[in-house]
Amino acid sequence: MAGPSKTLETFPNPSPDRDYEIAFDVPEFTCLCPLTGQPDFAHFKIRYVPDQTCVELKSLKLYFWSYRNEGAFHEAVTNRVRDDLVAALSPRSLTVVGDWFVRGGIGTVITVSYRKP
Amino acid sequence: MAGPSKTLETFPNPSPDRDYEIAFDVPEFTCLCPLTGQPDFAHFKIRYVPDQTCVELKSLKLYFWSYRNEGAFHEAVTNRVRDDLVAALSPRSLTVVGDWFVRGGIGTVITVSYRKP
Amino acid sequence: MAGPSKTLETFPNPSPDRDYEIAFDVPEFTCLCPLTGQPDFAHFKIRYVPDQTCVELKSLKLYFWSYRNEGAFHEAVTNRVRDDLVAALSPRSLTVVGDWFVRGGIGTVITVSYRKP
Amino acid sequence: MAGPSKTLETFPNPSPDRDYEIAFDVPEFTCLCPLTGQPDFAHFKIRYVPDQTCVELKSLKLYFWSYRNEGAFHEAVTNRVRDDLVAALSPRSLTVVGDWFVRGGIGTVITVSYRKP
Amino acid sequence: MAGPSKTLETFPNPSPDRDYEIAFDVPEFTCLCPLTGQPDFAHFKIRYVPDQTCVELKSLKLYFWSYRNEGAFHEAVTNRVRDDLVAALSPRSLTVVGDWFVRGGIGTVITVSYRKP
Amino acid sequence: MAGPSKTLETFPNPSPDRDYEIAFDVPEFTCLCPLTGQPDFAHFKIRYVPDQTCVELKSLKLYFWSYRNEGAFHEAVTNRVRDDLVAALSPRSLTVVGDWFVRGGIGTVITVSYRKP
Amino acid sequence: MAGPSKTLETFPNPSPDRDYEIAFDVPEFTCLCPLTGQPDFAHFKIRYVPDQTCVELKSLKLYFWSYRNEGAFHEAVTNRVRDDLVAALSPRSLTVVGDWFVRGGIGTVITVSYRKP
Amino acid sequence: MAGPSKTLETFPNPSPDRDYEIAFDVPEFTCLCPLTGQPDFAHFKIRYVPDQTCVELKSLKLYFWSYRNEGAFHEAVTNRVRDDLVAALSPRSLTVVGDWFVRGGIGTVITVSYRKP
Amino acid sequence: MAGPSKTLETFPNPSPDRDYEIAFDVPEFTCLCPLTGQPDFAHFKIRYVPDQTCVELKSLKLYFWSYRNEGAFHEAVTNRVRDDLVAALSPRSLTVVGDWFVRGGIGTVITVSYRKP
Amino acid sequence: MAGPSKTLETFPNPSPDRDYEIAFDVPEFTCLCPLTGQPDFAHFKIRYVPDQTCVELKSLKLYFWSYRNEGAFHEAVTNRVRDDLVAALSPRSLTVVGDWFVRGGIGTVITVSYRKP
């Protein structure tokens, strides 16, 4: 059984002649608070327009698993997910939404996008 | 009783003098995973602006049935539905949404559009 | 008691100096399938910007009643409702949405608009 | 194509050794107001525990169709549906719910049950 | 056109041989606060098991209209609706729910029932 | 206790250096049908960008109360609310939505806007 | 203007000959954490069957206001609200629900009832 | 990769000293209509109180897959799922709900239970 | 900062003279699959009637955290949470619900209760 | 334990090379009516695009707490929250929404934005 990994596998986009959107709903995400070491939880949503490659679903699952024992600030980890996906896929556009569970009575949602120049 | 078929029947658009939208909600779709042979399920939504022809509802049902025993990747089959509808209808515009059930804890929604040049 | 009628009564727009929207929600519509004679049902929604006249609510009710024993294809009847309202009201703009009940496992929503040249 | 009919077809209950429930959701019902002749609409829900026979789905559709041109008071037609189903099926128990659309600003829901002595 | 009236018209129960429930949803109710004279609003829900008579829908509408210019405490008016319906219908059982709009940041729902001895 | 009044009180906008939106949700509105004298009910929603003045909440309540015993067509009263607010506030922009309860099986929503020239 | 007070005003039950339920929805409650002094928030729901007296709505509002600057554990304050209402009303039965906002990623709902012996 | 199979694997109940409920939500089910050969779809829900054994989740998935190419009436297949689970698990109690998609404008929900004598 | 711990802290029930319910909603739970080592996620709900002691909220948070790196079958861990709470609190009654995320297209909800003899 | 404070702490934006949005959901807000001294409640929502700094979540909680004992008009406090956040963060853009609870039967939502010149 494959384990957690920051490596994102890809496969060739079957229809690179057109712009179309692939969206993932990822309700299972947890990492650690870098200050206290306590668990944080978030619900991620990703949507992107592929260029030459698409991300393989199983490797995406393992990618999110890889944060399980890492400390990560809300703002930083949401931006890193965007950066890692951009590096692996070089998509035409991409949006990452991290919906973080309530802390101090306040919920936080962070939305980061990318558009190929 | 007619059986599964990739043939999409059409009839003349009754009001070709105007742009208007026809939308279909198709909650009954299943195909097979091309890697494992296991069943996949999706909820398709289609909307299009007809030009000279409209798609006949019964043939649309048989068309979706025809995928039942075929292997098909999520990205590829959603794009193929778009291509087959474009080929049969030559619509002014078209959007196909494939909302695929959860695999590996992740749901996938693929949206493909077409606009007549 | 007035009976079903294709005649749409109107009254003068009380505020023709401005653009504003009137929207109707009509959950009670039925006609017959022109091929099989079986009943069809739909939920209509109308919104328009009046010009010099507004449609009278009771006559609108009788108008929709008038389809009860007529055969009508989904695409054709939705377009005809749009055409009859345009002819009676000459509105600045108009949208008719016909949300037809499931047939063959598929729901159909047809949206037709008009904008005064 | 079969037409409207008050005849309810049945087939043998495949599991008469046990009590189990069959429920139908029937959003497509219309009849006429016996006083004014105007259309009435309702959403029917039926649930029953079969004894020796089950009602055949297509005949149930034709049964509800048969009210389309008949005048019927809300209370009377809901009770009649119950009586006709009891006569055809002799079920162990049965409940009929008629959810009638708004008249005079008031919605009406009528619920009639039967239990085999 | 009939006006507001505390008189509740009835008609013979078409199926007095059985217990069944009739439920009304009445979102249009207003009266006056007996202390301040300011308008109060409520959403009433009624359900009853008829005995020999049923309440006629139009007279029920006029009945609720009759409170429009009367002062009435929440608790008292909800109980009075119950008493007037019991007097007019002598039902086998009855429940009246008055869902009163927010006052002082607090919403109030009053539920009164009756069961024939 | 203040009574119903068409007078809308205002107070100075605390932040006139910027555009911002104030929205009111008014579920308690009733007037009379000018043809039949029967009660009509609506749910009003207002949103506006203030200029030099804001409307005082209590006077807005009394303003809506003032329609209670007046006859008013749906289209006319929704436009009048817009005109009265524009006259009192001279706002930068304003939208009034009147969502009227079902009559003849049809719900009506009227939306009127204003933008300062 | 009356201020916060633990005194609950009452008035005579208008229909003490029957059991009926009065329910209050109180979304505006705040007190202080007795350990940290930080604000806590809750949404209270109360329902009771009155005996000889009903609680007056305005005094109920002032009663809940009186907790604003007091320290109170979740379990203790919910039980105290129940005890104070029982002491003031001597109701036939009573239920108090305190739905406390998320702390430490966990929401807490406390439900306390009373039934007259 | 394991294929479709009517065999239900089990494992020992970890807490056979108590009654507790296990519930499964199975939105992915399809079989064939035994009359027309056309696909049918359903959403199954199962809940049971285990005795000495629990059903293994993966074999449950393969079990539902095994109906994919079989003809099955709604009433019969829902009862058969109940019988197969009872045979494999000998549970203390069990309920199977089959929520079948709309056919002929009517949705069907079948609920079958079992209780160990 | 306190770390994960299976120790559940308690405090004296402030109102042991009565039965009342305390309910916790715990959306943040994760453990590992004992077969594959992959993460599992669940949403726990707990409700109990305290006897002499109540569970302290912060220790409950740390308790659920303690499963983060442990392998645990769905059925076993839900029963263990029940057993640990019973051992710590000796409550009058208790219910634990574990709502586990989708695996193999199937969601699982396990409900375990306890009642003091 | 830190107390209420109008001071908003910040930390460096981890990804200042891009525009991205941070959104906070703050359901716990209360202040006092400056006219009557009575409590007001609101649900705040904030979203902003950071420039060089982000607001620290705990200080944001303490900031909202600081209004607890201050008198504040709805329009003024919503604008002040916007001004204080702009002063502390100098964000690229910002929107503050204050959703105030019902007063006089009317709910009020105030939306204030900022965009860096």
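A few remarks follow.
Read from first to last, the chains carry the letters A, B, C, D, E, F, G, H, I and J; within each, the first residue is number 1.
We adopt the following convention: a residue touches a chain if its C-beta (ideal position, glycine included) is under 8 Å from a C-beta of that chain, and two chains touch if they have at least 3 such contacts.
Because the structure is predicted, anything quoted here is derived from the model rather than measured.
Comparing mean CA positions across the assembly, the chain most remote from chain C is I. Repeating the G-I interface, with the same residue numbers in over half of the contact pairs, is the pair D-E out of C-D, C-H or D-E.
A count of C-beta contacts for the chain pairs C-H and E-G puts E-G on top.
Chain geometry summary: the mean Cα position of chain B and that of chain G are 56 Å apart. Note on chain placement: the centre of chain B and the centre of chain H lie 30 Å apart, centres being C-alpha means.
Put simply, the C-alpha centre of chain I and that of chain J have 36 angstrom between them. In chain J, the positions touching at least two other chains are 27-28, 41, 101, 103, 105. Of all possible chain pairs, the ones that touch are A-B, A-G, A-I, A-J, B-C, B-H, B-I, C-D, C-F, C-H, D-E, D-F, D-H, E-F, E-G, E-J, F-J, G-I, G-J, H-I. Residues of chain G touching chain A in their complex: 41, 101-103, 105.
On chain D, the positions that touch chain H within their shared complex are 13-15, 18-28, 50, 54, 57-58, 60-61.
Within the complex, the chain J residues that touch chain G are 1, 3, 27-28, 30, 36-39, 41, 65, 68, 101. Taken together, the chain B residues at the contact with chain A in this complex read 73, 75-76, 78-79, 103-114.
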